Every structure is written in structure tokens, then in C-alpha cells.
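Structure first, commentary second.
Labels for the chains are A, B, C and D, by order of writing; each one numbers its residues from 1.
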Amino acid sequence: MGAPELLQFALAGLKNGSIYALVALGFTIVYASTGVINFAQGEFVMLGGMLSVWAHSTLGLPLPLAALIGILGTAVIGVVFELLAIRPRKDGDPLALIIITVGGSLLLSNLARHVFGPSERSLPAFTAGPSLRFLGATLERQSLWIFGLTALAVVVLTVFYSRTRLGRAMRACSINRTAARLVGVDPKRLVTISFALAAALGGLAGVVTTPLTQTAFNVGSSFGIKGFAAAILGGLGNPIAAVIGGLVLGLLESMSIAFLSSTYKDAISLVVLLLVLFIRPQGLLGRGGREKV
Amino acid sequence: MSLLREHWRKLALLIVGAGVAVVPLFVTGTDARYVLKVLSFVGINALIVLGLALLFGYAGQVSMGHAAFFGLGAYASAWVTKSLGLPWLVGLAAAVLLTAAAGILLALPSLRLKGHYLAMATLAFGEIMRIAFVEAKGVTGGPDGLSGIPYASIGPLSFDTPQMNYWLVWGVLVLAIWLAANIVNGRPGRSMRALHGSELGTMASGINITGIKVRVFTLSAVFAGVAGALYASVVGFVSPSTFSLHLSVILVAMAVLGGTRSLAGPLLAAVVLTLIPYADAILPGLSREVMTVIQEWEADVYGLVIIIVILFMPGGIAGALRGVFVRGGEAK
Amino acid sequence: MIVNTRKVLILFLAALLLAVPLVGCSSDGGKDTSEKPAEVKDPYRIGAVLSETGTYAGLGAPERNTLEMEVAKINDAGGVNGHPIEIVFEDDATDPDTAVAATTRLIDKEGVMAIIGATGTGATMAMRQEIDRAGIPQLSPAGGTAVTASFDPLVFQTPWSNSLVVPFELAYIKKQGITKIGLIADSGGFGKDGAGVVKEKVAGAGITIVAEEAFNAGDTDMSAQLTKIKAAGAEAVLMVTAGKEAATVAKNMMDLGMTVPLFGTHGNARTEFIEGAGAGAEGFRFAAGKILLPESYDSGSESYKVATEFIDEYSAQFDKAPDTFAGHAYDALHIIINAMMTLDEGFTPAELRDAIEATDGFVGIGGVFTYSATDHNGMTEDDLVMYQVTDGKWVLAK
Amino acid sequence: MSLLQVREVTRSFGGLIAVDRVSFDVHDGQIKAIIGPNGAGKSTLFNLLTCFDRPDSGSVLFEGRELFGERPDRVVRMGVARSFQNTQLFEEMTAHENVILGTHARSGSSFTPAALRLPSARKRDDLASQEADRLLRLVGLESWRGSLAADMPHGLRRLLEIARALATSPRLVLLDEPAAGLNTQETTALGEVLYRIRDHGATLVIVEHDMGLVMEVSDEIVVLDRGCKIAEGPPRLIQKDPAVIRAYLGEEDADEL
């Protein structure tokens, strides 16, 4: 196998990995503020795609505007979901909230089927034109959008968490819910904001991948599984860990295809994930730490 | 007092056993077969959820991979009875042994993991098994599945009618409830409640927490495996699409909706949620139009029910039941 | 805690006490007009188990549309020998055991005399136990080879199965002078089934498979698999899938700069594929029945008339052209109706089955059906043509 | 051979050395006390001896077997029981049940007999119940048998925890500040209980602040200061030891010496 092929495999892995990373970022954000794995995160990806397709094809709006509607619309749905289904559960018991998100996932995907129909839909590529060639490998233009937007999301999130008062409050909240109150921020509002952010990121993932893969009411769960796996692989902590987890998972899959078998690529990457968990139960970049007596 | 309760329990068990046993005698209409088939599916789901209730409600663990144990049991017994032509009890034993072995193998390394990491590990296990079910064509029949699986039989007794199927499934379920209740009320249950109260105190009592968790995990895997063996013989067909992550998640949702430290709550949740799409099996007045709407909106209704129950019944169904019972004058 | 067990028992008792009378009632209320010997104007009831929700919802929807539209038409025209047709729909939610319960309900509660379904191969196979028990005929619109390969005298199939399409397509590929192909298939039922048939038949067609790759439903990129196929020196790529991932494969090939032709199967005969793959769909070739282009029939022929009429009516009613799945449902229904037409009043399900098996030269949407005691698929390679995507439209391939 | 041999045990947290090369022996049938000013490392040492914490180096031999590296519950089953400074009772269970849980250490929580309600399981439960009643009498809690642990007064909760520890049939019992929060009367009663425990054949190690109690009941005392052992010996000698007095100077407890 030559160098151009290897590069091609790496590019494929990075492209899938970036998509996983975007979804994983959404998991991380909600986890940070609530301690909850949001099983509806994959549905946000689906909604981002579906809403932008609806805006573009049905309403006939230009693509950038349709993309914006996809992202903002999903964010609004995320907020509504938080207000109606998460906030009323006052004790914030993580397991109860997780099961609520499972219910939300069922509800959102099936409502989408009622509203948008059961067939798959697609969007045109953001920038038309033949794919780019370098070193014997090729890369389609949409991948650049995916890489760029993933990088942008990480930078924005990192700056948000470290430089803004709200972001710092959210970090404080993830460590201790009362800490946020001490900084003068209402933890309830932070949870709402985190759902808005996570939904917007999921929507973004849906919008950028739809031109490549099409979307349908039932795509949410597979995005959800991959994103969850990426977030756990990286270690549920910070945005960087989510991105590393996503990229590692993507590369793992494409290298499995390259050197082992495409039939078993998912099994192989899941086995690796299990081994990582058994050796490092906190994920690749997760904080370890002994338990206190 | 304790003696009185002991008798109460025996009596109640007898009455329920008798109640379960006589249901087919009342179901005699043209749709008896349908009603009994639905009740058999309900019993099978309830059996898996019973195991998950032990695991989640008493040992505080979550498994997102129980559909895989369900599948392992189904394929094991299907393969043994259909492909090898061995008696059904051998198939059942194979299902039990295989799921027990898989349960221990998964539990030992996984129980070091906490919360979400455990959820991911069990989820990964479930997906790996699903891939195995598709790829191990020689044993599982691949995506087309295995059809023509023989009915269950014990010696000359063949469970080849819906009545017999029903009796088999519910007989096993009642037995499993008895076992689970004994565990919950016996030493292992006491140890698990202790763990819930104080982890340090439990360790200081010399109780091997991991050992208990591994055993509960294994037991719940075996319950799912037995449910699988029953499923294979009741449906006569097994294919990989049944044992999906979606099923695992729904089963966990049933256990959580039921509430912690209760067997009745999760069982009730399993019965009610399983019956939603088959509502006309127990409510014969429902028209076709209503059923069509229910089927069309079934998944949405599931989602909504899950959200609403958890929001407005914080202790799950078990919590609500306890409330009713306490108000009903049981408080001493 | 002992109390807890008691609660378990009490609850179950309560639930049973509640359930038993209800169930009891149902046995009184369950009496059905279809039980009585058929009188004039009593409807003939046919069950339909379709995936209206779940993974195959996109397939079940056109099937249901078609059945509703066609039944209305048949009844307006006076039904079958004076009997209206009533279709009882069940949703299997793409789930085998739901399909089993649905079948039982249709047979015992609704008293149907034939069943159309299920949408998916898995559910179709799962229903067999109940079908065999009741002895009523089943017409499946599912395309899996197993449906008729694993033979059941009661089960008939309306789509072109992979075992029909694959040899036809391999022969075409060979005729293009291609001997080395890369195979890419989904890991679900359709892809596995098709890939199996391809591997079985290539040798006979004088073709070798130089690379065999798989992908899963929900995968977002197949360029790694295609890179392997490219590196293996394939002269063409043969893709077997009915999922939306087909569009991603076509697009990835274009983006990788692969110039070798891409072939698909009848699983890709959907406009969504062209829409999704965009420019990547150009030049894509696949085998399917003639329904996609009625002009492939002689314009005066019976086939042409049937196909154009159905397409026009469906398009008018649902604002969308019918896809192949609509066609499979159409064929299933009309094969049953035609068989009923040949029978006398008060026929039994066994007679209906025999009449269906006697179907000879029925002109349907999928092709011309002739069933026999050994062939329950009923179509031949004559019913297939190769299509090519040109300027975002299907045209007949050279 | 001594029952417990503590050798060069060291544990640090970050840069701070909490226990620094501490060694001592506990002989069969002794009551041994570990004392020292606040922050001397007593509780840390205690957690190390019962394997609730792992040392950086050193070794602890119990009946000649290395304890370090074992799980806490296994250590209990080997015959080393403990109580906690903040009682760790099962609040929603009765006093009787709390003590029964201690018997699980010996007879296990095995599933099969319990699930099938085998006669052996019932017999074992009966024995456990009788044993628990005996221990409740031993610590003087028989009248609290059916009360929830959560409803019991503070001093009695400590006794209950001791009873639970005894239910594991230990050879060595380690008590972490058993007299903390007890009034004089209760402390005197506690002393009685400690003697009774020893008379039943168990060896005792106590960490305690109450010097009255320590001086009265203990056969030998180990004094820790800032992680180091500064003295060891019988109470009379310890009271006069200059290093000990220095360590306690400035502490209010020093007057009591």
C-alpha cells in the first residue's frame, strides 16, 4: 500500500473523526453542566440537517440562510426541550435525566418523521467544484468545511470557557453546582445555555454532513452512538478531549478498513474502546484520581 | 409477625400463580391466540426488565447491552434445538450457561467503570454482539435469521399452542419473580441495601461489593438469556434486528420508570409499555381507527410517557405505589 | 422489605383481576361477520403488515399509499364479484416480533384471507410460523432471496430478488468488457444477501472480485473502502445496498477521482439517490424492472398501459412519482385480486393459495408474473432492463 | 509472634508526609492505643492498617500475612474489623439488621441458597440473628434491637458500630475514636465494653483523644507526632515521657496528661 493511499485513509479517518468530534462536543457541554449524557444529542444532528433541508428545498431560501436556520432552529428546540423536559425535574438526578433524554430522542425523531416524512433528504455542497488533489490523495471541498467548522467550534468553546464570565461560571458549575451561584450565576440558566450550545453544535454537525450523507428522521441514533463513543474515548472532560476522542475513533475506523476488514471496522473500534476503558477507566484524557475514604 | 408475613407471601404467591394459570381459560374468543401471544411477549419483556430492576434498582448499575444477552440466549437455544436437534431443556441450559459466562466476562472488567463509562462499555458489548449475530452466519443464519425453531418441550409435554406458550412464559416469569424476591429479601438483598446506605460501612462489614455486583450482573444477564430462549421457541424465528441498541435502551427505560428498590414498579412498567402497541389485546373495545393512530404515534407516545412519568413521578412507578400503599394505612 | 414482595404479588393480582374480565369481554365482542358464510356484499378482508414506522418507514409509506389507492379504485369498480375489498393495515415498526403479533391479530381477530407483507425480509420470515399455522397465502414485497429460496408453499414474493437481478447485471457488466470488479455492500440484510449472490455467481459470469468491502447503515464516509477497491485495480465497482448510503458511495467515488463505472442494483431505483448523489450519480447504472421508464415497453402493450396508468394516478394523488416499493405493493394486491376473480363464492384460503400459484402472465408493475409450484418469485430476466443516470434522470442504458 | 506487625509504614499526600516510617507491634490479647495531637497522622495510619488506603512503602503483617494490597473487605474477612470516626451505619435498617450485616463477612452473601430459600440459608439466617442478639447484649443495646440506626442517639450509634465490627468475628478490632462525643457516663460504659470484648478473645487497637479512657484501658500506647512515632510503652511511662509532653505542649490536652 503506497503513501497516497495511506494519506487517503488518514483523510477519510479525519473527516469522519471531525464529525464524531462535533457530536462529542455536544455531549461534553451538556455533561459539564448537568452530569448527564444527553441521548437526544444525535437527534440534534438530525434536526440540524432536516431543518436546513426544509428551509432550502421547501422554503427556497439560499443555502447560508438555510444553514443558519438549521443551527438556530435546533438550538431553539434544544432550549425548549430543556425547559419542558429537563428543568421541571428539580432534584437533577442524572440517571432520571438521562432516561428523559432517551424519551426525548424517541419523541424528536418520530416527530421529525411526522413533520418531514420518512424519506431521506439532501442539501447541495457548500462550495461546488471538483475535489482538491495533493500528494496523490484527494479531498472534497465539503471536508474542508467540516475540518474548519470543527476547529472553529473548539476554539470558540475554549475561549468561551476560559475567557468569558459565563464560560467560567459553567466550568465552576461542572465542579460544583453551588459554586456557580457563588459567582452570581443561576445554575438553571447555565443548564439552559448548555443545551442551547449543545443543540447548536449538533445542528451544525447535521448541516455540514447532510451534503455528504443526506439526512433522514432516523439518522440520529448512529450519530449519537459514535459521538458518545468519541466523548467517552477522549474522557468526558473538556472540548479538547472530545475532539481527540472523535479523531482517534475516526482514524481507528479507517485504519481498520485499510489493514483489517471493513466488515468488522465498527467491532474493531468498539473492542479498542473497551480495552481503553478497561485500562484507563476515565478515557484517554479524563482526569483520574483515587477515591477518597 | 414474620411468620404471618411468611404465610401471607406463600398465600399471595399461590393466588397469583393460580391467577396467571387460569388466564387462558378465560381467553377463549376468536382472538384468543392473538391475546395470548401478546401476553407471552409481555411476559418475555417483563422477565428481562426484572433482571434489569435487580441490576439497576438494587446494585445501582446500568446496562445498555441487555439486548445482546437476550439475543445470545435466543440464538443459543435456537441453534441447539434446531440445528443440533437436541431437546429444548438442553437449549435452555445452553442459553443459561452462555449468558452467564458472557455476563461474568463482561462484568469483571466493566464493574471498575463508573456511571457513563459503564453504560458505554455495555453499549459497546451490545453492538459487538449484534455484529457477531450478523456475521456468524453458520450459527445465526446471518441477517436472514433462523426460522423454523421448534416449540419448547419438556419430555412428552410440548408447548405448541398459544396457551401452552403463555403458561411456559408466565410460569418461568413467576418463578423468576420468586427467585428475585428471595434474593432481594435475603442476604444478597440486604448486602445490596447496605451498599446503598454506606459503601464504607459495607466494606467494613467484610462484604465483597464487587462480588455482589458481578453476581447481580450475571443473574440479570441470565434472566435476559432465558427470556431469549423463550422468545426463540414462542416466535419460532430469530434475527439480529430484534437485538438492537434501541431494545436495550427501551428495556432500561422500563426499569428506570419502574423505580429503584422495587420489583413491582419495573414489572408494571414493562407490562404497560409493552402493551401500548397491542392495546386492543386487553381493551377489546378499541376500534381499528384508534389502533391505527396508536401504531402511527406509538414511538412518540413512548417518548412522551417516559418523559412525563420521570418528571411527575420522581420515585418512578414504585415511588407512586409506595405512596398509595402508605396512605392506604400500611404505615405502622 | 418483605412487604415489598407482597406488593409485587398484590399488584400482579390486581393487574390480573383487571385483565381477566377485559380479556373475557373481548371473547364475547370478538365475533366477526367474516365467520359466517360469505354473503353478497360482505367484504373480502386482506391484511397488510407494513413498516410504517422504524427503519423501513421510508419503504412502508409508499406501499401503504399504493394499497389504499388501489383498493379504493377496485371498490369503486364494484369490488371482486360484488364483494368489496377491505384492507386491514398493521404497522410492524420494522420489528420481527411486532410483525408476528400483527399477523396473529390479522388472522384471528380480523379474519383476513390473505396477507400482504412484510416490508422487510426479517419480518416476512418471522411471520411464517403464523402463516403456516393458519394456512393462508402471504405475498411479500420484501426483496430478500431467503423469502422464496427458503421455500414455503404459502409464501409468494413480488420484487425482483437478488438471485434474479445479480446474474442479469453480471452478464451486462461482462458485456462491457469488464472482468475485475470491486464489491461494496451494506452490512444489513439487503447488502449481505446481494453480496452473497454476487460472490456465488461471479465465477459463472467470468468475472473476479478483486476487493470486497462493507459499510454500515449510518456511516458517513466510504472513501476508505473505495480507496482499497481502487488500489486493488478494480475495473468497475458493484454496489449492493438499498440504503441512503448509496448516494455517499457515488459521491465519494467522484471525489476520489475514480473514473471506473459504478453499478448498483434495484435497491437504488429511487429518486432520492439521484438527488443525494448529485453529480456523482451521473453515469450510474443499475438493473431494475421496466416500471421506471414505461417507454421501455412497446407503447401499445398491456404493460405500458398498466404502468403509465399507475404512475399517473399515483403521482396525481400523492404529488410524487411512485417508487419500486409502491410497485411491489401494487403487484401483491393485484395478484391476490386476480386470483380471487377466478374463484367461486365461498372459496377457502387453500383455494386462494392454489389460484395465486396458478398466476400466469399477470401484467404487473414489476414485470410479468408467472408463478409455479416451484417458483414463487414469478419473474424472469426479461422483466429487467439496465438503466443509466444521465442529466439527473433515468434513461435506458445502452 | 505478635498478632500485628507494623513495619516502616509511610504515606504522603502531595508533598506532605502524613505517616513517616512508623513501626510497632500489637500482641495477642492486648488493648493498644494510638494517640497524638491533631494532625499527627492517626486516622491515616488507621486507614492504612485496614487497607482503606494504600501506603507508599512499608508493610503490615497480620498473623504473619501481608495485608497491604488486599481489598478492605478481604481484610475484614481475614479477621481485622474496624469502626469509623464518623459512624458508617446503615441508617434505614434496624440495629439488629446492622449487626446481622457484620455476620455476612463470615457466612457470605451467597446467591443460590438465598434465591432458592434453601434450608441451609434459613438456618444460617437464624444463626446470624441469634449472634446479632448476643452482640447487642454484649454492647448493651438489646433494648434498641428494632430501632432504625438513624433514630439512635449518637453515643449508642458508636456502640452499634462496634457490635457490627464484632459480628465479623475478628481477631483484631480497630476502633477510630470510639469515645468521641460521648459523655462521662457513656465513656465509662464504653470502657466496660472494651474489656468485655478483650475478654472474649479479641485484640484491640484504639485511636483515641480521651486520655482518661486511654490511660485506664490500654496496655500499651503508641504516640504519633507529625507522622512519626515518638514514643511507645505502657501508660505510666508514656505519661512521663518528655517527648510526648513536648508534643502535646500548647495543646489543651497537655494538661490532662
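The criterion applied here is as follows: a residue touches a chain if its C-beta (ideal position, glycine included) is under 8 Å from a C-beta of that chain, and two chains touch if they have at least 3 such contacts.
It should be emphasised that the depicted structure is a prediction, and the values quoted were computed from it without experimental measurement.
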Contact-richer chain pair [B-D vs B-C]: B-C
Farthest chain from chain C by C-alpha centroid distance is chain D
Averaging the CA atoms per chain, pick out the one whose centre lands closest to the mean of every protein CA shown. B
Cα centroid separation, chain B vs chain D, in Å, comes to 43
Between the Cα centroids of chain B and chain C the separation in whole angstrom comes to 33
If you average the CA atoms of chain C and of chain D, how many Å lie between those two points? 73
So how far apart, in whole Å, are chain A and chain C when each is placed at the average of its C-alpha atoms? 35
Two-or-more-chain contact residues of chain D, please, as numbers and ranges. 52
Hey, what residues on chain C touch two or more of the other chains? 53-55, 187
At least two partner chains per residue is the criterion; list those residues in chain B. 131, 189, 193, 200, 299
Which of the residues in chain B come into contact with chain A in the complex? 62, 109-110, 112-117, 119-121, 123-125, 127-128, 131-132, 135, 200, 245-246, 249, 252-253, 256-257, 297, 299-300, 302-307, 310-311, 314
Mind pulling up the chain C residues that touch chain B in the complex? 1-13, 15-17, 19-20, 22-32, 35, 52-55, 88-91, 93-98, 100-101, 104-105, 107-109, 111, 120-122, 125-126, 128-129, 144, 146, 150, 187-189, 192-193
Note which residues of chain D are touching chain B in the complex, please. 50, 52, 71-74, 76-77, 81-84, 88-93, 97, 100-102, 104-111, 114-117, 121, 124-125, 164-165, 167-168
Which residues of chain B touch chain D once you look at their complex with the stated criterion? 179-180, 182-183, 186-191, 193-194, 197-198, 200-212, 215, 219
In the complex of these two chains, what residues of chain A are touching chain C? 1-2, 5, 8-9, 11-13, 15-16, 19, 110, 113, 117-122, 124-125, 131, 133, 138-140, 209, 212-214, 216-219, 221-223, 253-254, 257-258, 261-263, 266
